[in-house]
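You will see chain A twice below: alongside chain B first, and alongside chain C after that.
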Partner chain A sequence: MVMEIVCPAGTPAALRAAVKAGAHTVYCGFADETNARNFPGLNFDRAEMREGVAFAHAHGSKVLVAINTYPRAGSEALWHRAVADAETAGADAVILADPGLLAYAARHHPGLRRHLSVQAAAANADIINFYAQAFGVKRVVLPRVLSVPEIAAINAETEVETEVFVFGGLCVMAEGRCSLSSYATGRSPNMNGVCSPASHVEYHEDQGVLDAKLGGYTIHRVGRDDPAPYPTLCKGCFTAGEKTNHLFEDPVSLNAEQLIPQLQKAGVTALKIEGRQRSRSYVAEVVKNFRAAVDAVDAGRPLPTGMLARLSEGQATTTGAYKKTWR
Partner chain B sequence: MPPTSQSIPQFPAHLARVLRVLPLAPLSLSLTAYARRVAKTHAGLFRRLGEHDHASFELAPTDMPFVLLLEPRGGDPKVTVTRRAPRADARIAGPLAALIGLVHGAYDGDALFFSRDLVIEGDTAAALALRNAVDDAELDLSEEIATLSGPFAAPMRRIVSFAQRRTGVCLTRPEDLAAW
Partner chain C sequence: MDLTVGPNAFFWTAEQQTELYAALETAPVDRVVLGEWVCSKRLPFYQDQIPHWISGLMEAGKQISLTSLALITLKRERKATAELLEMGVEVEVNDLTALAYIPAETPFSVGPLINVYNEGTLIWLAERGAKRICLPPELPLDSVRTLCKVAKDHGVIIEMWGHGRIPLAISGRCYHARLHGRTKDNCQFACEADPDGLDVQTLEGTPFLTMNGVQTLSDTYACAAHQLPLLREAGVGALRLSPQSVGFVDLCQSYRQLIDGKLTPDALTRTLQGIVPAQRLSDGFLTGQRGVDWSGSTSHI
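Up next, the complex of A and B:
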C-alpha cells in the first residue's frame, strides 16, 4: 500500500497547491495561538477552513487540523472552540498535544479522529499505547529524535499508526518541552505557537556580512557567500572560550527521501512534510517530488534523485536522527 | 524549480540608466491606482496583513534606479516611487525579477532569502505578513493590466507573453500543476 504523504498548508492557496500537486493529506491550522505555526499572515479563518476542506475532499484529499499548542489556564475555551470548529468544517482529524484537550475532544467530539502531535514528544510504545487507550488516539507523529530501528521497535509494539517527518526544517529538540525560544523572546511554540517569532527577529547586513538576531541576541553572523540563516537558538553559532561552533549541527534541513523504503519497512504509515510557513510554490514542488517517490516505492521502481536541497534552510540537507550521525 | 542567483534575470543596466530620467510622480499615481484596484479584487490580501496593515514597506529592486514605498493603509493602499530610500518599517530588496516572481508565486520567499537573493531588514514580522498575504492572494499583475486595457487586452497579453519569453522574468502567474 502506498505511503500517505501529509503536506503543509499555511494558507488556502498553499492547500490548493498541495492538493493539485498530489497530496494525499494536508494539515493546517486556525489563525490563532491554538496551532504551533502562529506566524503573521498565515493560517485559516473559519470560512477558509470550511472551503479548504471542501476543496480537498472534492479532489480526494484529506485535511488534518493542528490544534497542537498547550491551552492557557483560564483560556481553554479558545482551544475547545477550535476542536468544535474543525469538526464543523469537516476535518478528517485533529492533531492534538495536550492531554487535557485530548480528553475534552474524546468526550465532546467522539466521532472526530484524534492524532497525537509531535508536540507531545511521545517517543516510546508505552506512552503511545497509553494515549491510545486513554483518549482513542489513532495516529502519532513521532519526534524527530528517533532512529529508523527505534521507529521499527515502536511499530512492533503498538497498533497506533505512526507518521514521521521526512522533509523540511529540522527541530533537534524534544518538541513540546523546549524552552529556548521562551528564554530569548518570552514566546514559545508550546504556548504561543511560535518558535523564534518573527516579531523578535532582526537582520542587519553591512558590506555583505549578515547578522541574524533573536530577541536582541546575535545568533548568527555569516559572510557574503554564505546562506542566510533564520535565528533559532538551537541552530545558532556561538563562541565559547576560543571556539566558534554550532550547538548541535549546521542549520540544515531534514531530507529523508532516500530512507522512504526503510521507513516503510519499519511500519510507518505516513510521511510528513514540514513547512506551513513556506510558499505555495515550495509546497507544490516538494509535494510533487515526494508523491513521485512514494509512488515509485509502491511500484517497485528506483527512487527519483533528490532535487530539493536549494529549497532548504542552509541550502543543504541531512537525514537527521534517522541515521544518528550527528549524535 | 525555484531559482538560484544565477537563474534570476537582472534588469539590463543600459535600460535601467534610461529609467533614471523617468518622471516618478505619474508612475506613483499609476501604481497607487493599480494597487487600489488590487485591493478591491483581493480584499483578503489586506485582511491577511492583520496588525501590519498600516505598516510601511520599502520594496527595493536592486537593479533599478528607484525604490517603491508601499503603504497598505488598511486596504486603501498608496505607492510612492522615489529615488532615495524612504523611511519604512520594513525593507525587502532583491532583483526586480525576484520581486515580481514572488508576487506571482513562481519563487519561494524563504529559498530566495536563504540564497541571499532577497534581503529583509527592519520589521521582520511585517515583511513576513506581507509575503504570506501576497502568496495567498494568487495575484497575476499582467492579467490585471490586461483587464484594465479593455479592447487592447488580447494584444496586451501577447506582448506580455513575448516579453516573458525574451526576458525570463515571470510576468504572469504560472499555471497550477495539473491534478495528480
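Up next, the complex of A and C:
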C-alpha cells in the first residue's frame, strides 16, 4: 500500500495547493490557541474549515484537525467547542494530545476518529496501546526521539497506525514536554501553541556582527553578511564547559526522504510534513516531491534524490533520531 | 503544608545518595520520592541500595514514592517501569507509560513531568487512582487555583514545585555525551562530573540553562517562598524540594521554618544564598511574565 502523505495547511489556499499537489491527507487547525501553530494570520475559521474539508473530500483527500495544545484550566470549553466544530465540519479525524480532552472526545464524539498528537510524546508500544484502550486512539504521531529500528519494534507490538515526521522543523526535545520557551519568553507550545515566538526575537548589529536574541538572550552570532538562522532555543549557540557551540542541535531541519523505504518496512502508515506556517508554494513543492517518492517506493523504483535540500531551513538537514547515532 | 523531597535529578554515586537519604530520615520533611527519573543508564550504579533507603526512611516515618523515568523508550526501561510496583511502595508517574502497568484503582501519585494542565486531565487521573499530583512547574497561579478546587472534590492532594532547578525538557539525545563528542550509547557517563548539572551560558556569558544528560533544567533555582501565602490560599497541600548537592538538609529546615512562619521569604532567600552563594532564584512561572523572573528583593542577575 502506498504510504500516506500528511501535509500541513496553515491557510485555505495552502490546503487547496496541497490537495492539488497530491496530498493524501491535509492537517490544519482553528485560528486560536487550541492548536500548536497559533501564529498571527494562520489557520482556519469555522466556515473556512467546512469549505476546506468539502474541497479536500471532493478531490479524494482527507482532513485532520489538530487540537493539540493543552486546554487551559478554567477555559476547557474553547477546546471542547473545537472538537465539536471539527466533527461538524466533516473532519476525518482530530489530532489530540491532552488526556482530558481525549477522554472528552471519546465520550461526547465517539464517531469522530482520534489521532494522538506528537505533543503527547508517546514513545513506546505500551503507552500507545494504553491510549488505544483508554481513548480509542487509532493513530499515533510518533515523537522525534526514536530510531527506525525502534519504530519497527513499536509497530510489531501495536495495531495502532503510526505516523512519523519526515520533513521540516525538528524538535530535539520530547514534544509537549518542553518549557524552554516559556522559561525564556513566557509563551509555550503546550499552553499557547507557540515556541520561541517572533514577538520575542530581536536582532542587533554592531561592528559587522549580527546578534540574534530571544527573550533578551543572545543565542546566535554571525557576521553581518552570513545567513542568520531564526533563534529557536534548542538550536541556539551556547557555552558549557570549555565549548561554545550548538549544544543541543545545529540549526538544521529534518529531511528523512531517503529513509522512506526503511520507514515503510518498519510498518509506518503515514509520513508527516511539518510546516503549517509555510507558504502554499512551499507546501505544494514538498508534497509533489514526497508523493513522487512514495509512489516510486510503492512501484519498486529507486527514490528520486536531492529534490528538497533547497527548501530546507538554513540549507542544512538531518535525519534526526531515525539514525541512532544522532543520540 | 507538607514538604516533599523530589527524586534526585543528577548522577550521584550510591554513597552520595545514601548520605542524602540517611540525613533525610531526621529532616523535617514528610515525604520522599526516590529512584531514577532522568537516565536509565545510571540505575545499575545504585539500584541495589534503593530498598535500604526506603526502609530507613519508612522507619523514620516518611511517606515514600518511587518515581518512573521521565521518558521511557527502550525495552529494558519498560520492564524496569513495570517492576516498580513490585517494590511495594506507591509509584510516582513521570511518564504516562507507567500507568499502563498500574492496575485500575491502585493508588499512585503523579509527578511534575506529567502534563496536568486542566480539570479534565486531573479528573481522569483521579478516577484512575491518582491521590496526589505535583503540577507542572510551568503552570501559572490562576491554573493552580482552579485545579486545587477540582482536586479537593476528588480527594487529590496538590503539590507544587517549591525549590530547585526546574526541569524544562527531556530528550532522546544526551547533551552531556554530545558535548564530549560521544553518543548516548557510548556516553561514558559524562554527566557524573556535574552533581548539580553543567552550567549553560548564552553568548553574552549569561547563565541560562543547566545540562543534565538527556534533561535540560533552568539555571535558576525555583523558589516559591514569596508565593507561599497564595499557594496556601489556593489549597496547595505540599511543596516539593529538589535535591542539590550542597546544604540540602539545611535547605529543608529553612523551608519548614518558612511554612511554620518562623522565617520570612527574604530571610529564607538570604539563607539559601548563604548555602550556595551563586544560587540565582526564580518564581516567574507562578506569578511573573516568564519562568526566569524573580519577584524577591534579593536580586539574582
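As a convention for this text, the second predicted complex is superposed on the first by the 315 of 327 C-alpha atoms of A that agree within 3 Å, B and C clash if a C-alpha of one lies under 4 Å from a C-alpha of the other, contacts with A are read in each partner's own complex, and residues count from 1 in each chain.
FYI, contacts are C-beta pairs under 8 Å (C-beta built on N, C-alpha and C of every residue); 3 or more make two chains touch, one makes a residue touch a chain.
This is a predicted model, so every value here is computed, not measured.
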>> Just checking: does A:201 make contact with chain B only, chain C only, both, or neither of them? Give me first, second, both or neither.
In response: first
>> For A:186 in the superposed arrangement: first (chain B), second (chain C), both or neither?
In response: second
> What is the contact status of A:52 with respect to chain B (first) and chain C (second): first, second, both, or neither?
Replying inline: neither
> Thinking of the overlay built on chain A, is A:39 touched by chain B (first), by chain C (second), by both, or by neither?
Replying inline: first
>> Between chain B and chain C, whom does A:20 touch in the aligned arrangement: first, second, both, or neither?
In response: first
> Touch check for A:227: first (chain B), second (chain C), both, or neither?
Replying inline: first
>> Quick check for you: in the superposed arrangement, does A:126 touch first (chain B), second (chain C), both or neither?
In response: second
> Can A:100 be said to touch chain B (first), chain C (second), both, or neither?
Replying inline: second
> Where on chain C does chain A make contact in their complex?
Replying inline: 70-75, 77-78, 95-97, 99-101, 113, 115, 117-125, 136-139, 142-143, 146-147, 166, 168-175, 177-179, 183-185, 198-206, 208-209, 211, 216, 218, 284-285, 288-292
>> Per the contact definition, I'd like the list of chain A residues that touch chain B in the complex.
In response: 10-14, 16-17, 19-22, 39-42, 59, 197-199, 201-205, 210, 224, 226-229, 277-282, 284-285, 288, 291, 307, 310-315
> Which residues of chain A touch chain C in the complex?
Replying inline: 70-74, 76, 97-101, 103-104, 121-124, 126-127, 129-130, 143-146, 150, 153, 172-174, 176-180, 182-186, 188, 190-191, 211, 215, 217-221, 234, 236-241, 243-244, 247-249, 321, 324-327
>> Help me check something: in the complex, which residues belonging to chain B touch chain A?
In response: 1-2, 4, 48-52, 102, 105-111, 113-116, 119-121, 124-133, 135-138, 176-180
